[in-house]
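Alright, structures below, take your time with them.
You will see two complexes here that share chain A, one where it goes with chain B and one where it goes with chain C.
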Partner chain A sequence: MLRRAQCLLRLHSHGRQSVATLTRHRSYSTDEATPKQNPSANPNQRAQKPARNLPAVRNPFAAAQDRTKDTYLTMVEIFQERDVHRRNHVEFIYAALKNMADFGVERDLEVYKALINVMPKGKFIPTNLFQAEFMHYPKQQQCIIDLLEQMEDFGVMPDYEMEAMLLNVFGRQGHPLRKYWRMMYWMPKFKNLSPWPLPDPVPDDTLEIAKLAVERMCTVDLRSKVTVFQTSDLKDAIDDTWIVSGMSAEQEKLLREHSRQKALYIEGPFHIWLRNRRINYFTLRADPDTQFLAQLDERQLDDDDVSNIEVPFLGRAPPRRHNQLGKLRSVHQQDDGTILAICATGTSTKDSLLSWIRLLEANGNSSIGEVPVLFRFTSTVPAKAEEIEGPASVPATSNARSSKDESPSSRRE
Partner chain B sequence: MRSTLFSGASRLLRYNRNGQFLTRTKSTKATSTSLDQQQQDAAARSDGGRPESVEESQEEQQKLPTREPLVKNFFIGVVDKELLAYPEVIQREEMAQLQNSLLPLKNYFEEQREAEAEQQKPTEIYRQLGLYGLNAPTDYEGKGYGWSASLMASEPDSKDTNASLSLQSHRVVVDLLKELGTPQQQQRYLQDLATGVLIATEAIYEYSPPEEDYFSTKAEFLPETGKWRLNGEKAFVVCTPGQRQLFLVLAQTQQPNVPGAVGRGTTIFLVDSQQEGVRLGEKHATFGCRQADIRRIHFDQVQLGEEQVVGIAHDGNRYSEQLVRSSRLRGSLAGVSLAKKLLNELAQYTVTTSQCGVQLKDLELTRVHLSRAACSVYAMESMLYLTAGLLDEFRSQDVTLESAITKFFTLRQLYEIATQNLGLVGPKSLLSGEATELGLRDAAQLCTQGESLDTLGMFIALTGLQYAGQAMNAGVRKSRNPLFHPGHIFGKFLDTNSIDNPKTKMQLGEHVHPSLEAAAQCIEQSVARLQMAVELMFTRHGNAVVERQSEMQRLAEVATTIYAMWASTARASRSYCIGLPLADHELLTATAICSQGKDRVHTLCTEIFGGNFVNNDNNLVRLSKQLTKSKGYFPVHPLTFNF
Partner chain C sequence: MNNLLRQGQRLACWLPAAAQQQIHTTAVQRTFWEREKKSGYKTKLPEPSKKQLIMDGLKDLKEEIKLWRKEVKEQFESDPILVFRPGETDVVFDFKAPNVLDNWTVTTDADHGEGKSTASLELSSAGAGLFHGEVNSDHTKDGIIKRTGYANIRTKRVRKSFKRESTYDWTQYNMLIMKVRGDGRSYLINLHTEGYFDLMWNDIYHYVLYTRGGPHWQIAKIPFSKFFMSSKGRVQDRQSAIPLNRVTHFGFSVAAKKGMDGPFGLEIDYVGLQYDPSHREEFAYEMYQTPKYIVAT
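This part shows the complex of A and B:
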């Protein structure tokens, strides 16, 4: 048995690169494709029924040493060739589905196809109306529906070959087919619906993910620029790490106009999730300019008064109805604060954030040097999550231990 | 009997007989169609509140009393029927003189090809011909022509678009000085300007305007020396290198003691090119008008005296009206001449060319195209001289909208004509050196010279809305708060006036030749539709209407079309009544313009009535959001697979 497995393994690794894959792809829909030719292919029907008390099948996946896609496929193949009856194949498929993540193949369409291929062709196709309506071979059908469900959960989109395979196994009236068609209606529509598409696969490097995260948050302002700083550029930085900083021209202007007397806050860490990765980020925030915001309050305007419409001369920008000086509220000026920049650092430490401020100062925001900057390492996110979902669902961050830790930065010159 | 109605001179007589200039008799009152008395009063009040110019010249006082603005009143559905009489502002004897004195100019510009060979500097010849002093007062050795006369006199030179750019710019500054300059300034500059010793030009626009201000050229007042210091640079200035020049510069200034945006203003300066710190920059490689010298000008710490400020300091925006009015009118003339030239060349081409045995002139497509172009040119010309006539005939007449519309219409139609030619002539039309190619280049250049057409459109709509807003304010407030004013709304419900079937009682047909009855009817209906559209826009958006630029662009086109119809009808009616040559075809032209204009106005007003969900604006605005987000074209390739 073991030798055979190794033998097959070699065969597989050989075939991977070349035509072998192709031929296998093709073979699914064609082999044993004629359903009614071979009605006695599975003579022992009762063998399909699992014995209630016995463990259904030995789980080969748990025992596997080398957890790769090749091993996985080999095991499926071994199962197929073990005996003509393919006894316990439903249990085998369930076991295979459960162990997919361990082998890292849960997003691989080819593997799902291999599993469907385990099913005998033609046997489960209903031959009359009653069979069709009362879910012919319910257990087998449910098994494949679960398989498709898992595909959907992982966002694996089936293809037309899979349709052909399912047709060969369950016929046009099969429930898995209905599931498949529903998937093929919705999944392509959802696939590209995200306004912030991530690369597929998502890069594994934290820096790359941080860049993606900051870029995503910066889409609120189209003029945003994402810069990657290295703390090693500074003379006396303790941490040697990277800083992904996002700031727009508008924010630079707001920072320039920020009063030198009013403090800025570095707040965080907040979380952003990219697929299944979490990134901590920090904001540079100022208190809201209440006076300015009140001035823009639309409720004070009389919309009905059309008696003084301003006309610009000489190609000036056309007027807006609110405050004719042309001052507008930017997206960064929120009611609870003005966000001046965001960043994610490699270490998320206070030192790296200090380096961030100094790097911002060195890169065209000289005014930040004259403003007191306070660290406020408090994140309301874990607390909020706890409130909503119950305790300990979101891991507390390393810095969240003292939530009122507000310390003025001792700026080193 | 009827013909006397059409002459401006007769109107003058009638006023003289009455002996009073300012009180308007019942018969001359503007006709209101759909406004209640209250709105009328509001309009009159706002009119009276306008600051009158302090002292009026002798010439001004000979003019007729100010009338209500023509096109502005269209926005509130009011027409001034008297103005359907095309103005005859140049007296018969003066006209003969004018035509005599124009002969040498015409000769020069028609035989210019040979003149160029002589290698004589054109500026010298222009000086001899007196082209620089057409509109300067006679006291300063100018010719002292009014608006209409000076436009007529500059027609010969406007045939050469390159030359006319610089000449018109000069005349604009002279116009402004005449109107706003202090006696000292006039004394100091006008003489030189009239004789062409000093050539004036506007320096207003900049290569990259700043994000926050109007101009990045800045001037500051130094109280210790009592002088201004000017810094910055201007672009797209039409220069005449080698000559002494006078630049009219608009600069950003900050009022002393008023900090921030409130104290920001613009000031108009006159800067002599010989002053220290003024430097001509590099020449722009422009698309068209390549013979004109369009340059950058640098100002580096230029010291300017108090007497070089035109008008009141920091208040330049108030005077920009006079400035743009003049430049719009004179700019349109270049457009009209170019359009006329293009049309003539095309007509010539279609007559002489035949393809496959068919003469081009016999093809229906060609004929329609030619006639469209002719209609446009006719309308342009009528508008130009109607506007100038209004300025000449009435004392400080408000022609802000009329002049803006003239330029808007002229340039748009000019460009249309120039591009249509490409289709007719084919690939040959774009070979370099071809007349069509040069025409297209110059047309495009004229479209960008000064303000852009889009801003001009916005200006037209906003000015109209500003005027209408003052008159309609009370009604709009009621319509927007229907539950507080049930009576008002009930009245609206009972109103059977609709956009498809507007009711008018203007009876414009009474004031034109009977053959133009139908045309007059078109104008009436269009004015009524415009007024309804304006009222609806106000009711729908309140003062947020200024943000609905797409609707305002439509409104601008409606107003433009109506004015074109008005001017053409007035002109055709006059021509036919006094029996000018080919006047019957003028009638036809005016009828064509009006029936096309009526349809256009109807379409546009229906679009405004439909609102942004019906007229597709909403879709476009939504699309643009994604477009900016993706920073460009967003759809993927049509052959992309998804699975």
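This part shows the complex of A and C:
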């Protein structure tokens, strides 16, 4: 009760019309409110002045000032305690559902339960076969079905208390119960299905999301290490930002063995989604080692080829090349390039990427200093790539900063 | 229900304004019978002239006879694959094949003016198929459409010569193998098993394709036993394992649900099938005995 009073005060704290709004909000619909405010008014008088008619149902949620869960629950409480009949409770629940996101309670099971609690208990339970068959109180049932659907959309899983509440309102034959049982069958099955689980909710901090994203991309190689660099560690970096870099021991080895004559490319920005968050990332890529990949293909024997069957009685055939020990193909050696490292930076600028290369060089990859590194801001769509390649659409290559960026790479050459 | 309302709306467009006030324009539908497979979403395209039809028909005839000859030859040769070696992937949809994009249809919610998503399927620089675009959950608030924001690709109906519809027969396999490169989003894999009756026209078996994201390719191996049935986007109460001899289409969907509006990109190298003898599961979901008159209502 005390909380209610406090919240009411907070709700209508703006001075001069506080009392007026209080009465208006507490009386949920004007059809009821008008007789209360001026009991002498008869229907004829009201009909004469249609312009002053207020909407039939006022939405108290839209008028609330303090948008917190407490206020929300208090408003539900106020509605419940207003009178015994709880008129317009279906409209109230729909209005409440619509405004959940504004109050930040759309993922809160407690709030959904409070809304179901608005429904009267026992009144909607069918008492005979015909009522059960023909959806007793259809508006009310549909309202709760919509509520459950909203829960489903936001991924809120109901609990057994909700089942008890629904049973009390609609009985075993109620359609909301069917919906509830379906949800309780399927939702736990799908909830933890993802092989790359994410915290719920996903953190708001960009650095945290970037760390999650790079970690996720690095799951391809278990030996990957994710490091967070600060560009402020470097002497003459323009941007002061963070760089989340992911690289494995195998990638370091590939980088060490990379020919000094062949260029490396920094490509991007590509994006990765973590639930509803999107993060841009860049890759350090080398052209595919075609010679090595072709050699691998040579090693593969055609099992269906019957023209040259080994007969063990006729002496052993001289060892073929595929029997010799050779280098194994790394997971990073893809058909369309060798991925050497992945990063996400706080600013996604050319300068931060240059800092990334310098930081990699300082942290145990000294060979990167001897290899030319080229920037290639591309897209996977060929048409789009051409568009970016064009001089007009890439401001980075035409301004003064880019020439500054290119100088270190030319130095390396 | 949407279908009903749409029909009602269309009818209302034809009627003069005066008549609209008196006549209730919602079409009365007394049964659940469906007129055609698109459930009211069939786009009426202008029919070509009769001369054009004959010319196109003759052109098609040539190709169809070629196809038919192949079928007859196969029948006589009678050399079907009987042994499916474990661990060997048989590629069904290969994006390296020529003219592969002709086999796919791209649809979004914008096709019928119900949303604003865009999507296309093209070949990427890596030579794979790239399903990309932008999903958008905004839509015109017409009071009928509640939720939008999807993009979808689907193969064309598998058929025999002379445009006779047929189905894939994948009964020998139990795994779906895909080499994909995604963007961290999860995609929906759709296996359509269109039936003969209108009730079965929208039977689709779904499962989720979680993509890792990043520059590396990923090979997803999904058992067919995990697929569950739905119809018109609703998971059905009466479930069963997918009838692999009745698969008619294959496709992927992506949605803008839970604030995931924005660009997406799924690169597909191939979709294949595999037989894995160590996987014995027939259907992953337990089948409870449910109370009477509750299921499928």
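Of note:
Note that in this section the second predicted complex is superposed on the first by the 296 of 413 C-alpha atoms of A that agree within 3 Å, B and C clash if a C-alpha of one lies under 4 Å from a C-alpha of the other, contacts with A are read in each partner's own complex, and residues count from 1 in each chain.
Just so it is clear, a residue touches a chain if its C-beta (ideal position, glycine included) is under 8 Å from a C-beta of that chain, and two chains touch if they have at least 3 such contacts.
Everything numeric in this text was worked out from a predicted model, so none of it was measured.
Of the two partner chains placed around the shared chain by superposition, neither chain B nor chain C is touched by A:A63. Of the two partner chains placed by superposition, chain B and chain C are both touched by A:T219.
By the touch criterion defined above, A:I272 lies against chain C but remains apart from chain B after alignment on the C-alpha atoms of chain A. By the touch criterion defined above, A:A294 reaches neither chain B nor chain C. Within the superposed three-chain arrangement, the count of touched residues of chain A is higher for C, of the candidates chain B and chain C. Of the two partner chains, chain B is the only one touched by A:N192; chain C is not. In the superposed model, A:V331 lies in contact with chain C only, and not with chain B. Within chain A, the residues touching chain B in one complex and chain C in the other are 219.
Residue ranges of chain A in contact with chain B, taken from their complex: 157-159, 184, 187-188, 191-192, 219, 222, 302-316, 318-321, 325-327.
Interface residues of chain B, counted against chain A in their complex, comprise 204-205, 212, 214, 250, 261-262, 317, 320-321, 324, 451-452, 455, 458-459, 462-463, 465-466, 469-470, 472-473, 476-477, 480-481, 538, 542-547, 549, 628-629, 631, 642-643.
Within the complex, the chain A residues that touch chain C are 133, 153-155, 175, 178, 181-182, 185-186, 189-190, 193-196, 213, 216-220, 270-276, 278, 281, 283, 285, 331-332, 334-337, 339, 342, 380-382, 385. Note for the complex: chain C touches chain A at residues 122-127, 130, 132, 147, 183-186, 208, 210, 212-218, 235, 237, 257-260, 262-265, 267, 285, 288, 293-294, 297.
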